[in-house]
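Shared between the two complexes below is subunit A, which pairs with subunit B and subunit C, respectively.
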Partner chain A sequence: MAIQVSGITKQFGTYRALDSVDLEVRSGELLALLGPSGSGKTTLLRIMAGLESPDAGSLQLNGEEALGLKPRDRQVGFVFQHYALFRHMTVFDNVAFGLKVRPRAQRLPSAEIKRRVMELLELVQLGHFAERYPAQLSGGQRQRVALARALAIEPKVLLLDEPFGALDAKVRKELRRWLRKLHDEIHITSVFVTHDQEEALELADRVVVMSQGRIEQIGSPAEVYDHPSSAFVYEFLGQVNRFDCTVEGGVARIGNGALSITTDETLRGSGIAYVRPHDLGVAPAAAGPGRVSGIHVVGPDARVEIELDGLSLEAEMDRERFTSLGMVVGDRCTVQIDRARVFTR
Partner chain B sequence: MPANATASALSDPAWMRRLLIATALVFLALFLLLPLVAVFAEALRRGVSAYWAALVEEDALAAIKLTLIVAAIAVPANLVFGMAASWCVAKFDFRGKNLLITLIDLPFSVSPVISGLIYVLLFGLNGLMGPYLKSHGIQIIFAVPGLVLATIFVTFPFVARELIPLMQEQGSEEEEAALVLGASGWQTFWRVTLPNIKWGLLYGVLLCNARAMGEFGAVSVVSGHVRGYTNTMPLHVEILYNEYNFVAAFAVASVLAMLALVTLVAKTALEWRFGAELAASRHK
Partner chain C sequence: MVAAASADVAFPTKGSAVTSILKKPSVLPGFGLTLGFTLSYLGILVLLPFGALIVKAGGLGWFGFWNAVLTPRVLAAFQVSFGLSLVAAAINAVFGFIVAWVLVRYQFPGKRLVDALVDLPFALPTAVAGIALSALYAPNGWVGKPLNELFGLKVAFTPLGIAIALTFVGLPFVVRTVQPILQELPPEEEEAAVSLGATRGQTFWQVVFPAVLPALVTGFALSFARGVGEYGSVIFIAGNMPGLTEILPLLIVIKLEQYDYAGAAAVGTSMLLVSFVMLLILNILQHWMRSRHAR
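Then we have the complex of A and B:
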C-alpha cells in the first residue's frame, strides 16, 4: 500500500513539529525517516498511524483519504520504541490480541487464531516463549514479540518507531539484518524512524532526512550520502570536515588560503566547505604545510589528525595504505582535497 | 571474620540494629497493639453475653446497617470518580491539570469538620439551597444523603491518589498499541488499562472503604445524631461513651477495629498471593 503525505503541519503549543511536509511512500518499500531528535520524524509516523492528528494537510493510504479514519480502521501495524507490550499478558496473548478484539462477525475461530499466532511466533523465532511474560524476555525478544503482534492483524503498512533504539549494539545489528530479510520475504510497505544514520543507510531502500519539521532530502542511501543536498544533510550523514571559506571566481579559499577548492562560478561570498575524511589525500613531505597530530588505527581503517595553518583536519584511509605511508605523529605532510562540497550562506 | 568483613563494613553494628528494632517494636506495641487490646478488653469486661447484647441492640444494629449502606454507596462512587480523575490526569495534558490535582488532594488537607460544615451551609435549612430543597421535600442534611455526600467527599482522594502515580508511570503506550491493533475504547479499557491498574485500584478501594466506615468528623456535622436513623458506627460509639455505657461503646468500637483488621489481612493476603504478578505489573 502506498502512502501519500501532503502539506502535513503539526504544532505543539509554540513548537512546530512538522512544517508542511510532503512525502510519498511507495508500495512495498522500506523507508527510513532519519533525523536528530526534535526533527518531527516520530510525529510524522504517529500521524500516519492515526495516533496524532495534524493541524493541516492530507494523508492518503492507497489513494484514499485517511485522516478521518481511526487507528483501528487504517490497517497499520505499529511497533513502539519501548515495545508497549501488554505486561499482564503472555507472549501468546500479546500476539493474539489484535485477532481477539475483532468484532464477533470477523473474528477467526480460536483454533485458527492459535495457529496464526504460533506461525508468527515461529517467524520471529520465539515459538518456545509463548507462555512467557514480557518481563521475562530480553530486549531483542520483546522487540520481536512487538513485531509479531503488529503483523498479526495483517497490516497493509508497518510503522516502526526507533525499532532498535533500546537495544545494545550487537543485538541491534543482528535484528537489523533480520528485519531486512523479513522485509524481503513479506514485502510489506514499511516506514521506520531512526536517529542513527548507519541504521538508515544500511537498512532502508530510501532515506528521508528530516530537520526541524521539514524534509531536507529524499533519496536512496547512496544518493543522500554521496550527494547531500544541503549543509545539514552533509553534517548529519557520516563524518565530515567542516571549514569556513570565502568563495570568489570559482575558487573557495579555506582559512588563510592554505587550502582551496574549485567551485561553481556562480557562488560568491562566505560559505562552508565540507570534505569527507576519505576524500582528503595525505602524503608525507619534509617541508609540507601540515603536521600529523594524531593517529588512530582501529580495524581496517586508519584515521589521521592533521594540523594545518590553524585548522584541524581529519583524514581517513585504509590500513594498508596508511602503513605504506609510514607516518608517525609529528611528521610534516601535504594535504590534497579530492572531493568537496561548498555551500554559500 | 573475613567472610563477614564486607557485610559488617556496610551494615550498622549489631547493638544499633537491635536498638532500632526494639524501638520500633515498643512503639508499635504502645501505640497500636495496646489500644487494640484495650478495646477488646473493655468490650468483654462484663462477659460475652453483655458484649453480644450491646451489638444486637436495635440502635447498634441500625448504626451498623447505616455504616454499611453509606460505604456501599460512597466506595463504588469513589471508585468511578477516582478512576476517571486519574485517567484524566495521567493520560491527557490540559490546562488546569495541576489545579485538578490540588483539588483532588483537598479533602486530605481540609479538616473533616469543615467539609461537613460546607454541606450544612449548602444544603441545610438556612443554607444556600435550603429553601429550594425544603419546598421540594428533599432532606439532605441530618439524613442519609448528607452522610453519603460527606463520606464521598472525605474519601475521594484514596483511589485517585493510588492510581495517578501508577498510571503516570505506565504511560499510555499500551493503550495506543491496543487502539492500533483494532481494539475499541471499551475493549482497551477492560483488557489493557484495568488489568494494569487492578492492584493499585484494589489498594485504593480497601483504604477508601476503611475510611468510609470509620469517618467521624464530617459525618458528625451532617448527621444530627438521630439514634437509629442517622447514627453511623463511629457516632454511635461516641454517644454510648458519653452516656458512660462503656461496654456497649467498646463493643461497637471493637467491630470497627475488626473491620480495620480484616482490611489489613485482606491487603496482606492479596500481596502474598499475587506478589509476583504485582511486581510484574509495576515493572516493564
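Then we have the complex of A and C:
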C-alpha cells in the first residue's frame, strides 16, 4: 500500500515539529526516516499511524484520505522503541491481542487465532517463548514479540519508531539484518525512524533525511551518501572533514591556501568544503606540509589524524594500505584531496 | 567468626553455605544493623501491645474467651464492623479510582485544590468529621432532611450512615495508592492497544486496569483496615444501637467502661485475628498479581 503525505504541518506550542512536509512512500518499499532528534521524524511517523493529528495537510493511504480515520481503522502496524508490550500478558496473549479485540463478527475462531499466533512466533523465532511474560525476555526478544504483535493484524503498512534504539550494538545489528530478510520475504510497505545513519543506509530501500521539520533529501542510500544535496546531509551522513574556504575562479582555498579544491566556476564567496576521510590521500614525505598527530587502528580500518597549517584533518584507509605506508606519529606527510564538495553560503 | 569472615571472600567455602543465605556480599552496608533495628522497633511498637492484649485475653482461659466473644451482641458488632468496612472499601475502590484517574489524566482549573482536598480526611480529627457528618445527615440536617422527605431514606443512625463515615475516612487511601501507578503507566501501551484495533473500552479493561489492579487492591486493603479500626467518625452518626449499629471498637470501649478488661481484650484479640487473616489474604493476592508482571 502506498502512502502519500502532502503539506503536513504540526506545531507543538511555539515549536514547529513539521513544516509542510511532502512525501511519497511506494508500495512494498522499506523507507527510512533519518534525522537528528527534534527533526520531526517520529512526529511524522505517529501522524501516519493516527497517534497524532497534524494541524494542516493531507495523508492518503492507498489513494484514500486517511486523516479522518481512527488508528484502528487504518490497518497500520506500529512498533515502539521501548516495545510497549503488555506486561501482564504472556507473549502469546500479546501477539493475539489484535486478533482478540476484533468485533465478534470479524473475529477468527480461537483455534485459528492460536494457529496464526504460533505461526507468527515461529516467524520471529520465539515459538518456545509463548507462555513467558515480557519481563522474562531480553530486549531483542521483546522487540521481536512487538513485531509479531504488529504483524498479527495483517497491517497494510508497518511503522517502526526507532525499533533498535534501545538494544545493544550486537543485537541491533543482528535484528537489523533479520528485519531486512523478513521484509524481502513479506514485502510489506514499511517506514522506520532512526537517528543512526549506518542503520538507515544499510537497511532501507530509500532514505529520507530530515532536519528541523523539513525533508532535506530523498534518495537511495548510495544517492544520499555520494551526492548529498545540502551541507546538512553531508555532515549528518558519515564522518566528514569540514573546512571553511573561500571560492574564486573555480578554486576553493582552504585556510591559508595550503589545500585547494577545484569547483564549479559559478560558485563565489566564502563557503564550506566537505571531504570524507576516505577521500583524503596521505603519503609520507620528509618535507611534507602535514604532520601525523594520531593513529587509530580499529578492526580492518586505520584512521590517521593530521595537522596541516593549523587545520586538523582525519583520513581513513584500509589497514593493509596503512601498514605499507609505515607511518608513525610525528612523521611529515603530504595530503591530497581526491573528492570534495563545496557549498557556498 | 569463621562464617562472617568467609562471607566476605569471593568463593565461600562449604562451611559458610548456611550463613551465606542470610549474609550475601552486598554493596549496601549495614544489613545486620538495619534488620536488627527494624525487628526491635516493630517488636516494641507493634508486637508488644498486641502481645499484652493477647496475654490479657488469655487470662479468661479457652472457654472464657469464646464465651466472651461468641455472644449475639459481639457477633452482630463483628458483622457491622467488617461488613460495612468492606462495603466502604469497595465504594472507595470504585470512586477513588475515578478520582485518581481524573487527577492524573486531565488538566483543569483548580486541579491542585481538588488534589489537596483528597487528603483532608487524613488531616481532620475523626470526631470532627463524625459530628459534621451526623449534623449533615441527621433527619433535620441539610442532606438528611430532603433525603428523608423525598425518598423516606434515613441515613444518620443507620448502617448506611456508618458506611458513609467509613467511606469518608478511607477515600485518600485508594486515591493515593492508585495515583502514582497511573502516573507511571507508559502511554505507549495504550497507543499500542489502539493501533492494534482495540476500542477505548477494551484498552481500558484489558491494558490499563490490569496494570493498576495491584495498587487498587492495596488501596482497598488500607481503606478496609482503616474502616475496621475507625471509632471517632462513626460513633456520632451510628446511633450505636446494640445488635444493629454498634461497631466493635465502641463495644470494646463499653466493656472497658464496665471494668470488663478481659472481655474487652478478648473482643480485641478476635478482631485482630480476623483483620490479620483478611489482610494476609489480600497481600497474597497482590503478591501473586505483581509477580506475574514484574519488570
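As a working rule, the second predicted complex is superposed on the first by the 345 of 345 C-alpha atoms of A that agree within 3 Å, B and C clash if a C-alpha of one lies under 4 Å from a C-alpha of the other, contacts with A are read in each partner's own complex, and residues count from 1 in each chain.
In this text, a contact is a pair of C-beta atoms (placed from the backbone, for glycine too) under 8 Å apart; a residue touches a chain by one contact, two chains touch by 3 or more.
Small disclaimer: the values here were computed from a predicted structure and weren't measured.
Annotation: superposed three-chain arrangement on subunit A; subunit B versus subunit C shows a clash. Judged by the touch definition given at the top, the superposed model places A:A2 against neither subunit B nor subunit C. Shared-chain residue A:I295: touches no atom of subunit B or subunit C. By the touch criterion stated above, A:M118 is placed in contact with neither subunit B nor subunit C.
In the superposed model, A:L267 lies in contact with neither subunit B nor subunit C.
Counting contacts as defined above, subunit A residues 49-51, 70-72, 76-78, 80, 82, 84-88, 97-98, 101-102, 133-135, 149-150, 152-153 meet subunit B in one complex and subunit C in the other. Touching subunit B in their complex are the following residues of subunit A: 49-51, 70-72, 76-78, 80, 82, 84-88, 97-98, 101-102, 133-135, 149-150, 152-153.
Remark: subunit C residues 186, 188-189, 191-199, 202, 206-207, 210-211, 292-295 touch subunit A in the complex. Note for the complex: subunit A touches subunit C at residues 49-51, 70-72, 76-78, 80, 82, 84-88, 97-98, 101-102, 133-135, 146, 149-150, 152-153. Residue ranges of subunit B in contact with subunit A, taken from their complex: 173-174, 176-184, 187, 191-192, 195-196, 277, 280-281, 283-284.
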